[in-house]
């Protein structure tokens, strides 16, 4: 008891930077590139912010195939990196293996759940965020037709689409929602040309708001919206600044916070394992309002606030695609 | 030294070494520009690839994939076809492995399921290659175009299946459920452990032996059997083949079947050996790298083993390099690989006139 | 050496040697070429003629010796330098872009300025002058692919002249020409020399040497063995100098009893891929113990006839009977099946069909017979048997070099042909289909090949001989079928043969059509 008190006293006396020597954080990124203007980049931004705030360098690795993921996490752990952030659902299996080998190291996985005593699993309730921008799109639409452009056709993106559709139908149950996936390979995350084409075809069919959940492909979608004088909605990080005036809003997924919080918590000694589900209530997801879109969304703010409150209060039930692998609600 | 020996040395040893050195030289230049000490980088790469059992394990694990895809390109090449479809053939091979591994394991013992699963991987790969082969032989569609298209079709098909059919409900990962515990190949450390030898854990598994066996098989087929004779005849001179009563169309389909089967075996290494389930994109570019491997290895199994080892070392050493030196990004490693392909493949004969002249001078002085 | 010491020399070689590894391709070559003359260089395939020409054209640098052009010692490092010194070369295989017009081909590589249009205009003017001066009739604006071989050759000559060639090297120029086209070429060469151009003519055809050259130099095994004034030598002497021994010129023809019918062709029609009728309702037969020659100007359906008989292409109509076997339009294409009927085939173009050039000699030696039980042992091929067969045949046909492991491409034309012919004769066929057996083959080998065919005939085999060499057809055949435009325009028995009659039938000038 005495010793603990002493420790506490010392820790209180020491300036915060003293802790920096004690943690050596690391990130293993998702397959794809670090600068994907989306998921990986969000994590990277979180790490950058952490380094700026604390002057602690973050070790990083970008794997180029599945077997490198496990190799890299293990190597990080062996080198004494702690905590280690594992980005993306595709790392769940690898992390499951490595976390067992290093029970004293703290791991955080984003977008998936690994049930180990030394792993924090951070998931996002994308369906809530998508529901919100879906509702916003329906509110802003004059034609009663809106669009969705997905990246690679995988369950996660269908989850986005499903939430978006529900949100739109909640506002206007007769609304028509066009959905297109950019492709079936990883290249679909980085094909702005095709993104633009898909958006244009949706505009041609009468849509006047398009939500892109497609990583780098979205850039083409936003450009197309600007060129055609229609609205676009960004994804993951706040992309409103890209084309002020035609960016209706962005669905934000705070992956940067997930990384930052893990590092910060570890530093402060408050890191815990277990599942962390970040939804609207936790401000893990949301819709972005800033100086670039304030005027456009002004008329819908009130209604949106009501919907937000209802979601948080669980008055609106949103179906999660992942639960049934289908979008029936 | 005899002139013919000199010429053999030139093509088998001197030129490839010079090409590699040139590639390394330019790599060093690029590293210098990016403020990285090339000697230190080389040290990390070599150390990473060969400096530890784990390094060797990863290097040889990649090598296994490259041998399969290199052979897949080479065998088609000997029939005069350019098989760019290794990527898709490997992918679809994975479908065969998975269907058998998941579908038959409840009814049959692992000892039967595993070989069946390997065969299914080869058969599915073969079937996927057979379609472009057939289209080339009987419908005059160009094999380069069709195999590329089939890579895309394979990718789309697999994504569809993974997302809609194999996906485990509630799981984000587009992957099948895991194979039963006993449906997997011996890991190398287990295999060595059986002989009482300690070996660090790595993805390396006994597929490597299968790959080496395939090398022998391809060599035997091409240079020791009449089918190989017929394949090589068609590849070198289709008119002479028709003259000799060989049907080039049948040979084309045959060569594609064999190539596809070999590419399909990548899935044995990846799925039965490492992942133990079907995952999205496990083929990760091995099929394309196989083209470079075959090119460097001069379409001969021995050359392919060496080239595959080089590429395996580049992959593993490159990962290590990216890990150790934050300035060297993953893309830099790709640049290095690209330079090697450029100098060893596309500009293969750059030094030939010069070296030949020097060599002759030397041969003559010795004569 | 009998050259006028006062004559000015366009080209002189002094003690030029060139070695490739262990092979001494040229040894101490001396050569003097008089300005404005046609100088022939003659020698068997592999005698070193091509190496020598490559040295003169700057493609190879000699190991030692001197080259003088117009009396000045020069060092040639590349063809560009040779061209600038006024040396031009017309290769055996033309270096033309088929889809380009003559004009485009000629200015290719000598475009001059950045704008094609101005170059074209000035080039056209210059070319028209050259054409007028030398009497070279060439249409400048038609794609080369649509022109005849003779005209293509003229374009090559024009190309050299356009680059101010004063010394023109022609490598086997008549190999691809009809007799008429060859005559036209000779007229052109005469006109060129009259304008002061020096012509160096490389050939292995003695007849041409006699017809056109002023001087002739003979090469054998890398050495210059003799220089002669053409007027002071004879074909027999040159042949002997070339081969290094006396050459018999006539084939010994003996009576062989005619056997049973081996081949009968009924109303045979063959259309090519583009639907053009190449063989038109042809009828003939072939018996054991006879050689039937098929004469005709190249490209009049003989190639297609040979291929359809060998089972390489399908007939469009009609029937082919080999004893009890039959080929009809419905028979699937399978040359292997036809071989099993006892039909062997020496194809017209050994590079395109007869050999696989990257294969080692012993591998090419079993082409077409690779499925025979004796060459297979279980799954594997029987290498002992393959090598034995090659050793036997190489010995019997004197294939040089003997090494079974040498690539087929590394053999000289004559030896490649020996590989093909020995293979087909070794199969002991009942019917042998032979196309151009001596094309590009040196004189020593020609004699040998003719003997082999006669021996086969004496053993009671049936031989169909397709050749564009009239001499060959006349000396070997018991009967001659003449083809023109896909039709048989006549059949002549050995006793009735004369060149005029054949010539008229080949041009279909008699107007008759035989069935």
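For reference, chains read A, B and C in written order, and residue numbers begin at 1 within each chain.
Keep in mind that, in the parts below, a residue touches a chain if its C-beta (ideal position, glycine included) is under 8 Å from a C-beta of that chain, and two chains touch if they have at least 3 such contacts.
Everything numeric here is computed off the predicted structure, so don't read it as measured data.
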| item | value |
| --- | --- |
| Per-chain Cα centre nearest the global Cα centre, belonging to chain | B |
| Most remote chain, CA-based centroid, reference being chain C | A |
| Centroid spacing, where centroids are CA-atom means, of chain A and chain B in whole angstrom | 36 |
| Distance between chain centroids, defined by C-alpha means - chain B, chain C (Å) | 45 |
| Distance from chain C to chain A - Cα centre to Cα centre, in angstrom | 75 |
| Residues of chain B touching chain A in the complex | 58, 61, 152, 155-156, 158-160, 162-164, 167, 169-175, 203, 270, 274-275, 277, 279-282, 284-285, 319, 322-323, 326, 329-331, 333-334 |
| List of chain B residues in touch with chain C within their complex | 2-4, 6-7, 220, 224-226, 229-230, 232-233, 236-237, 239-240, 242-247, 360, 363-364, 367 |
| In the complex, chain A residues that touch chain B | 31, 33, 59-68, 71-72, 75, 89-90, 92-93, 111-112, 152-156, 158, 183-186, 322-325 |
| Of chain C, residues touching chain B in the complex | 19-23, 310-312, 333-339, 345, 347, 352-359, 363, 367-368, 370-371, 375-376, 379-381 |
